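Each of the next two complexes has chain A plus one other chain: chain B in the first, chain C in the second.
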Partner chain A sequence: MKCTILCLILVLAAGSVPAQTAGEIIRKIDDNLSARNRVTESAMTIHGRRGSRTLTAKSYAEGTRKAFTEYLSPAAERGTKMLKLEGQLWIYSPGTDRTVQISGHLLRQSVMGSDLSYEDMMDDRKLAEIYEPSIAGEEELDGRPVWILELTARVSDAAYPRQKLWVDRERFVPLRQELYARSGKLLKTALLSDLQRVGGRWYPMQVLYKDMLKQGKGTEFRTTQIAFDQAIPEWIFTKAALKQ
Partner chain B sequence: MLALKLAIRNLLGAGLRTWLTAGVLSIAFVVMVFYQGLLDGWNLHARSTTREWEIGGGQYWHPAYDRFDPFSLQEAHAPLSPQALELAAAGRIVPELITQATAYPDGRMVNLLIRGIPPGQQLLSLPTAALAADSVGIPALIGRRMAASLRLQPGDALLLRWRDRSGVFDAREVTIVGIFRADVPSIDQGQIWLPLATVQEMTGMAGEATLLVSAPDQAPLPLAGWVFKDTDFLLKEFTEVIHSKKAGSSIIYGTMLAIALLAIFDTQVLSIFRRRREIGTYMALGMTRGQVIGLFTVEGAAHSLFALLLASIYGLPLLHWLGTHGISMPEVADATGMTIGDKMLPVYSAGMVLFSVAVVILSTAIVSYLPARRIARLKPTEALRGRAQ
Partner chain C sequence: MIRFLLKGILHDRHRSLMPLIVITIGVALTVLGHAWIQGVMGEAYTMSAHFATGHLKVMTRAYADEQGQMPVDLALTGSSGLTERLAAEMPEIDWAPRIRFGGLIDFPDSAGETRAQGPVAGYAIDLLSPATREPGRFNLPEALLSGRMPRDAREALLTHDFAEKFAVQPGDPFTFFGSTMEGSLAFYNFTVAGTVRFGSEVLDHGAFIIDLTAGQQALAMQDAAGEILGFFRSGYFDARAAQRLTDRFNSSQPAGTDEFAPVMITMRDQEGMAQLMDYTNAIGSIMVLLFVVAMSVVLWNTGLIGGLRRHGEFGVRLALGEEKGHIYRSLIGEALLIGLIGSVTGTLLGLGLAWYLQVVGLDIGDAMKASSMMVPAVVRTQISATDFWIGFIPGLLSMTLGNALSGVRIYRRDTAQLFKELEA
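Presenting the complex of A and B:
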């Protein structure tokens, strides 16, 4: 009898998860992944043909328009800094003591040999601003219940006109992301894992990016430390900060 | 005439010394003609080939287009006006639409430019008729350098990724329908040629172009919204390279010429020292100092005549052979990014040869005159005794 009541309670509890619309789901994803600002320390492991190498970096981001990254290791990359400011990207190289603006062809180059291009880093508007979502189904992924979301661009300048997301139904974080070209060709995938509770939100501490048109095992991006809503001095997001 | 006769008799009398000096001078002359002929031949070939394959009689550019700045391609495109469309239909201009893309041969990532061109064009030597093939999805044409770099053969598929005018990613496979062989690397390295209409559809730029290539016999027209660039402008960088090469090569043959001229200078100094009595005799017989200086200057300058004689004996057949067979260029010559054929054929223009002859004669005359000026300071009485002041 006790067992039956317990089962009934569990069923009712499960049924009590409020039905989510696709729009609400991506807004919650944005709430989890975006913040007013954040400071992170990360390790990026690039798996190439001749082995793997890891770069560590410290980044500061303010909304989606400003970001500053300084590479900490290895020695060859230490001191390299990147500044994203209102749609423009600069890189400072300590070896040459020069700041170069990245645009045109260069934006298509990969970042430090990874599966991410500079232009991938440039376009990080919130999903809800760009896409019209729809729920395509539900399934289980790595033991977690997920919604499968189909995102179709509602703006004409979305880099990827279609995306597919596998979203954790309880934590509202995508566990898998597929990015498609206009022709329907799968261009990139991202596998998000190691979700942790940070400052009242769920955040994926590890992401495996893979350029599906390129050979290789992809690029692992591990967040080792993250803090949201910090007091970041305004001078960090200036070109002068690149040479400091 | 008397001075020339005396000079030739004296030079022949000097024997081996004269022929050695003239020999070195003749080598400098032949090298000078060869180097200049080689650069002139390269210049002529590169200009005509670039006109045939790439620039025609000039190009009309979109005002934002800069061929050295790929960033400019994002803005450098505009619809063809009715006048431009008429000219294109008549085959007087060829529109090209250019956009940046990334190719993925064998999973590698290679940045390139997609160039859209009408398959039916006949203004340029590009074999664009192959792009009319409708048996394959998207036909593409590449040059041999690009084919070697991407390891592609006709019939191979190549995955391209690009962004349209709004920045939206797209990716499709194209099929290589032809590989052309051109000496112009700027239409080959890092370029892939697709049908114009396909590129317009891919980029969402229907009816638009980045530049218009004009027919060689077409006078420049005022096309609204387009800026005409003549062939001098389009070949400006190459012209500068040729000028720079000419300056560089002049150091080589200038050094050889300097060695020969130094020998003539020394010969003159020695000759004046050893022939003081002869100089005194000329003066005693009534020749003015100027006439004696002239005699010695002609004698020194006559080395150049001997040198030209020698050069014509061995240099003419050698230069003719080089002009006919050319000089084979190594494979790495392609990597220079300059228009250069498999062989470089020297071209010897009459003007260039006459200029070289004039340089040799004039420079020899100058170095012969400089030591001869000392004669003006000689006193006939002292000279007759074999003394010099």
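Presenting the complex of A and C:
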């Protein structure tokens, strides 16, 4: 009898969600999606108008200011490396043995023909640092209870002045993201799925990005391996690492 | 009768000299004005055709919808086979595959790090084939300001203003950075062979020209081209022939929704050219019409004055028993003869001036420095068949109408009053 009552209490406790403020929700989202550092391997499938192609890459990230990516396949992209360092981005091309800095309007260009821009890759800051959130409603999305959050940028250099998130109420991970221009025009959408428990946090292993200004079926970004809080050597985040 | 009138015109210079001078000048200016408008617009069309539109253009349907964005990802594949087929089916057209693309040029410092960068429009054209006519279309030998023409696929021409802005000299290396046909990163190293100035701000602002094979290599476009441009071997755009060829080619393509199937369009159908052509034709016609009307008014007035001046002469002729109708007809006949002589001399004079400006041209480079239109620095007239008759309309009609109107007074003369008038 005692056991039944205890189980009932535990089930009820697990099923109930305490009231959350919008600020608390995005802080919990940041806790899930941001880390001191991480090492990932990913496969990015770009569905273009002429067909689809998949690129694989290995990435290292430290906080929100340092990131290094090396493309592993296909052959045409193998050895191409990108380094983000304190708000600057360099790309190394093994074919020309040149390192080119990407800046200005080029940051808005597509990465490898995908639905992601360099700016999307660069802006890795926590949501709580950039946006002022408010809860716009609650509903169900793909059978999951979600909050609908409206995010308005409170910094002038946000890539997207406004966002709308459908946040899983139990796992604190957005399941759908809409990114808007200042004019209110919808620029991009992201569908996050395959949430897995990694290192004590929920993490979306698959994201389908869609640039609404481009034709095509979008870009699937699949995280094949991810590890948080690793010992990443400091030399990885140097320009010298690009040519190695 | 004609001989008699001609004698009168030649002997009585008071009667014919002024109208002849006015008609000659007016007709000459009409012919010259028309040839000028045709020439200036023709030069602009030629430049647009050579650099961007061709007289005909073949591309994919998807590319045609977005060609202003130079979308290499929507390019034609199998371009060499298609070019051969077009050459076999339309021998009157010279076909030239090209790639127009956008990107960034990165100039390295001595350590290979980025020293400077700038956005460019790239043109990959056939520079190196022995029989190529592309350098001529781009006027490259004349536009070359420093260095030399590229000798291999690793060499490029930069626009001079762009090169000056980044302190680049012939022999300096640079890296092109953009997107390949499938969307990957395009990196390609070039050496500056020379710098060119086209005299058009649109082009000189920032462009580079490379060989087609280099473009295909850099943009991963093996046997592909953004567009295949067709040029009439005569050098002139023939709208009807172009439309006929276009209809024939497009009807030979399988029906369907394949957005990468080739489609042909004429120069007139491209990038607002139809509106531009219609607009300039309308402006040209209005200018000629205004000129014709103004000259007609002057000649009409000359005819009226002449008619009034000959008031006494008509009175004597009536008094001597000449019929009013005969006097009126001879007056009209004189006007027609003067108009004819003036129109012929005016047309010859106008054609002579137009021919001179067609051969020598007029340098307007300084005036067009700030222009964003694709207009050449030296503009020329262009003599067309229309110039041989366009001056005759005002030349013949205005003098005749002026005399016809003033001559009506002949019928109002009262024979009984003639001697009183003559005595006065």
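A few points about this structure:
Here, the second predicted complex is superposed on the first by the 227 of 244 C-alpha atoms of A that agree within 3 Å, B and C clash if a C-alpha of one lies under 4 Å from a C-alpha of the other, contacts with A are read in each partner's own complex, and residues count from 1 in each chain.
Basically, contacts are C-beta pairs under 8 Å (C-beta built on N, C-alpha and C of every residue); 3 or more make two chains touch, one makes a residue touch a chain.
These figures come from a predicted structure and were not determined experimentally.
Aligning the shared chain A places chain B and chain C in steric conflict. Look at A:Ala181: by the touch rule set out above, it reaches chain B but stays clear of chain C. Legend: residue contacts after superposition of the two complexes on their common chain; A:Thr80 is shown touching chain C, with no touch to chain B. Of the two partner chains placed by superposition, only chain C is touched by A:Arg98; chain B is not.
Within the superposed three-chain model, A:Ser110 lies in touch with chain B and with chain C [touch as defined at top]. In the superposition on chain A, A:Arg50 makes contact with chain C only, while chain B stays out of contact range. When the two complexes are superposed via chain A, 368-376 is the only one of 242-250, 314-322 or 368-376 in chain C with C-alpha atoms clashing against chain B. Comparing the two complexes, residues 103, 105, 109-110 of chain A contact chain B in one case and chain C in the other.
Residues 103-105, 108-110, 153, 156-161, 179, 181-183, 185, 187, 211, 213-216 of chain A are the ones touching chain B in the complex. By the touch rule above, chain B contacts chain A in their complex via residues 69-71, 73-74, 100, 102, 104, 106-109, 111, 159, 161, 163-164, 166-172. In the complex of the two chains, the chain A residues touching chain C come out as 46, 48-50, 53, 76-77, 80, 91, 93, 95-101, 103, 105-106, 109-110, 112-114. Looking at the complex, you find that chain C touches chain A at residues 62, 73-74, 104, 106, 108, 112-114, 117, 119, 175, 177, 179-180, 182-185, 187-189, 220, 259-260.
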